[in-house]
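Each of the next two complexes has chain A plus one other chain: chain B in the first, chain C in the second.
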Partner chain A sequence: MNRWLDRLITLLLAALIGWGGWSTLHWLIHGADWSVVTTNLPLYAVGSFPADQRWRPLVWMVGLVLLTVLTLLGPKRIGWRGALPLLWIAMAPIGLWLLVGGLGLLPVGTRDWGGLTLTLLLTAGSGMLALPLGVLLALGRRSALPVLRWSSTAYIELMRAVPLIAVLFFGQLLIPLFLPPGLEINRVLRAVVAFALFAAAYIAEDVRGGLQAIPPTQREAAEVLGLSPLQSLQLVVLPQALRIALPSLTNQAVGLLQNTSLMALLGLVELLGISRSLLANPAFIGRYLEVYLWLAAVYWLCCTAMALLARHLEVQLDPVRSNR
Partner chain B sequence: MTVAIRATDLVKSYIPGVRALDGVSLDVTCGEVLVVMGPSGSGKSTLIRTFNGLEPLDGGELDVLGMRLDAAHEEHQVRAIRKRVGMVFQQFNLFPHLSILDNITLAPIKVQKRAKAAAEQRAIELLDQMGIREQARKFPAQLSGGQQQRVAIARALALDPEVMLFDEPTSALDPERVKEVLDAMRQLARGGMTMVVVTHELGFAREVADRVMFMDQGQVVEISDPETFFSNAKEERSRKFLNQMQH
Partner chain C sequence: MRKRRVLVQLALAALLVGFAALLVNNLTVNLIRTGLGLGFGWLGRPAGFALAETALPYAPSDSYLWALTIGWLNSLKVIVAGLALATLLGVGAGAARSSGNRLLRSLAGGYVALIRQVPLLLQLLFWYFVAFLGFPETPVGGLIKLSNQGIAVLGLNLSVEFCAVLVGLTVFTGASIAEIVRGGINAVPRGQWEAFRSLGLGEGLGLRRIVLPQALPAILPALTSQYLNLAKNSTLAIAVGYADLYAVSDTTITQTGRAIEGFLLLLASFLLLNLLISGGMAAVNGAVLGRLRRSR
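Our next item is the complex of A and B:
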């Protein structure tokens, strides 16, 4: 009796999934009009970057893709693998130079930055600022000095109690009001700083979790060997704590990438912003489904690449596994 | 005979009113092996942890290799002592993220500013001495407890200490791993190292110790040569403890 019921349910589910898959496929191929995506690929990639200079952000992104592939699939146990972390870090200043210009390149204003380039730049920039800040906050929260401990705790709790969008509005709209007239901080920079200030509070809690997992005997062992408190932190405690915090930090990085889409509400034309302005164009009116599906695919691709890289880093940093 | 460690009237209490150390005085002479025994909670671990400043004192004073340490000591005084006094813990406390070689060379390179090549060469010598030279490139988690403890001894020796403190070095080991660690310590004692060893290993105490100190409730009950202590202990409390140890 039960077996027949099981078979019936299985059949029904299979039919439902089949029907859903078929109609989706049918729509994807016949129903959808992908011209809104195909004709605007450069816009999605680099925004309104001057056409003759588009190669600059493209070079940067191709570099990122190559580096990702090299890191994940490149041959193991070869000398240049040691240079990979340096190459990754170097991508930030190189990207900035390619976008800003100067030093032989034509300067390009930040209002012409956009698309995936801007999304990646916001993510990378705020992540690189937020990590050291988060580590300092986590250490501050565990400090023996009451003033340092209280102010770190207050900062973390305050930031976690405020929605990100409020922090971003504060960064974009309120900070300029407080600055003396004439002094203007760049819009993209304001966004990066606001993002970093917000993310640092969450990163601090992840790092604190890692710090708490290190038994106090590790610090004792370091002290007994004559290491100074700073050396013990730098050489013994932090390397272990950050490794433990890595999975949660990956989570934060993926969240950061997705949250950059909030900048569209503030007028930055990153990936979501550029899509919204395309949808406002009469030529592409009503093409919501195509555009948002395309966006979902791009975000998914970026997040998956980040998750894979993080997983790779975890394996690399696991001493026992990488030693085998 | 020169004195390596002189303790005068040491007092330490974790909880107000309860003294973990209650007026402990003793001398450790250079080249001597002093074994400290006593029931758990008797203050023996606390005592040797005061010798390198891991436990700050509440009273009394210490003279470690001519350096003074008391309740009002400063961080730099403690660090000067730690550079000349090695310590081995019950739980090994190796750094899990560093290879065996890096565990041993970390302090010589970072604290004593020795050249990397020289520090590594010395580390290999010490590992050889401990009988685990082939483990140099592995990580702590890949070694047995006995091997890890021998690495910990090598790590402490890498700073060329004049005194070695052992805080129950075999208590966390599987029984069949105890001997290899005790052998390494025997070898060290034969080489003339000044050692203070907190342990429950009666055989080691009988064979290697120059003197045995028995502690109870934060006080020194007696200090005797091992022969007297094991066959004819002066104090009732020592005899009772030994009786329990031998079932």
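Our next item is the complex of A and C:
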């Protein structure tokens, strides 16, 4: 009887998948009009960056793609692999320089940033701010000093209680209120700061999980060896804790990339924002399905690439493997 | 050493207080400039805006406080329905991933791999603009009536916005719950499966009565954080125009300019919501652990 049930389920599912596949195929051939995607590719990639300067964000993104491919598929056991981490770290200042301009390049205002470039930049910028802040908060929450412990815990718990969209929205409204009059920071930077303040609370909890997994004997051993508390933290405890926290940090990073789409609700023209303005254009009215499928594919690719890179890093850092 | 610790803490406290004072000082200067001040008196004034969906009677002449309450109830409605449906979907998909049927297993795997790598906001927009608004008027068997005016299921009238948010949250959270359930099921020793099979129990019954109860202690804590995520994510309803707590707060703040008070109210509402969810889950967790202990 069980076998018959199994066959019935298979048959039903096959029928369902066949029907879904057939109607998708039918729509792709007869219904879909991809002009909303094909004619606007530059907009999706770089937003309204000046046309003669578009090569700058494009060079940066091509660099990122090349580096990803090299890291994941490049030949193993070759000396230059040691340079890869440095190259990855260098991509941030290079990207900023290419986008902002100066030092021989024409300056471009943040108003003209958009598309995938802005999405990647928001992710990278807020991630780089959030990681050190999160580590500090995690250390603070585990500190022996009550004042430090209470204030870190309060910050983490409050931030984790509110929805991200509220933090972003009030970040735009409130950050100017708390700054001295006359000092203004622009919208993109405000978004990055609010985003980082939010993400840091979640990163702190992941790092704390890693710190809790380190047995106290490690710290004691470091003390016996004559390491100062700071040295023991920096050389013994943190490297191990971060490695343990890496899988959950990866999830945070993928979440960070996905959540940059919320900036569209605040009027930033990152990937989703630019699509919203395209869909409001009478020439492309009603082309929701094409645009959303295209966006889903782009986001899916970026997130999957990030997850694969993080998995690669995990394997690289695995102590069993590197001791061999 | 002890003295040093106290000194460090005092310095830290002074630093924090100083920083807070600096912020508050800037705030007061800015508030004086805009001439707003702080206070909650405006909550009693008539809101003046209409709400598309109200659980209790509401008119634009009612107070801001009442409008916010209606928003809170709308949030609660979609969160409670979402929690129930996402749990069902997640447990189903999670169990399907360890099923003996290969097609079912890979279908569930594909669902999780696809949904978790696409932003929720994009999925919500898809459900609203493509799935629900793009749907032609098609009565399906007379039970479910889909139209762009709303959805009638067994005499229950639901708005398109509510359905889009509900389906979006359910599908998105369901994928995360499926992963948690799969992890929990995998943590149950294989011997338990062999044991119930050799006793002659069917797969479904064995899963429900033998495996899932033992997987629950591993599942529940992670499930709680997914529930909290769903509650927080429900605020994205503003993107499709569902009048939830956040959307009403947003309108209120835009009209009154009371950003700080509005933020404090929102914070309090979410603390209350989180407390309800984690309190409820703690009770469930306690009951499950207690039952497990008694049965051993």
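The rule is short, and it goes like this: the second predicted complex is superposed on the first by the 307 of 324 C-alpha atoms of A that agree within 3 Å, B and C clash if a C-alpha of one lies under 4 Å from a C-alpha of the other, contacts with A are read in each partner's own complex, and residues count from 1 in each chain.
Simple rule for what comes next: a residue touches a chain if its C-beta (ideal position, glycine included) is under 8 Å from a C-beta of that chain, and two chains touch if they have at least 3 such contacts.
The structure presented is a predicted model; accordingly, all values stated were derived computationally and were not measured.
Judged by the touch definition given at the top, the superposed model places A:N259 against chain C, while chain B stays out of reach. In the superposed model, A:G226 lies in contact with chain B only, and not with chain C.
Shared-chain residue A:L28: touches no atom of chain B or chain C. Of the two partner chains placed by the overlay, only chain B lies in contact with A:P239; chain C stays clear of it.
Touched residues of chain A, counted separately for chain B and chain C, are more numerous for C. In the superposition on chain A, contact of A:V315 is made with neither chain B nor chain C. With both structures placed on the common chain, the touch criterion links A:T304 to chain C but leaves chain B unconnected.
Here chain A touches chain B in the complex through residues 217-218, 220-228, 231, 235-236, 239-240, 243, 319-320, 323, going by the rule given at the top. Of all residues in chain C, those touching chain A in their complex are 5, 8-9, 12-13, 16, 23, 26-27, 29-31, 33, 100-101, 103-104, 107, 114, 117-122, 125-126, 129-130, 134, 202-203, 232-236, 238-239, 246, 249-250, 253, 259-260, 263, 266-267, 270-271, 274.
Taken together, the chain A residues at the contact with chain C in this complex read 2, 6, 9-10, 13-14, 17, 144-148, 151, 158, 161-166, 169-170, 173-174, 176-181, 254, 258-259, 261-262, 264-265, 272, 288-289, 292, 295-296, 299-300, 303-304, 307. Per the touch definition, chain B reaches chain A in the complex via residues 52, 54, 79, 82-83, 86-87, 89, 91, 93-99, 106-107, 110-112, 137-139, 141-142, 155-156, 159.
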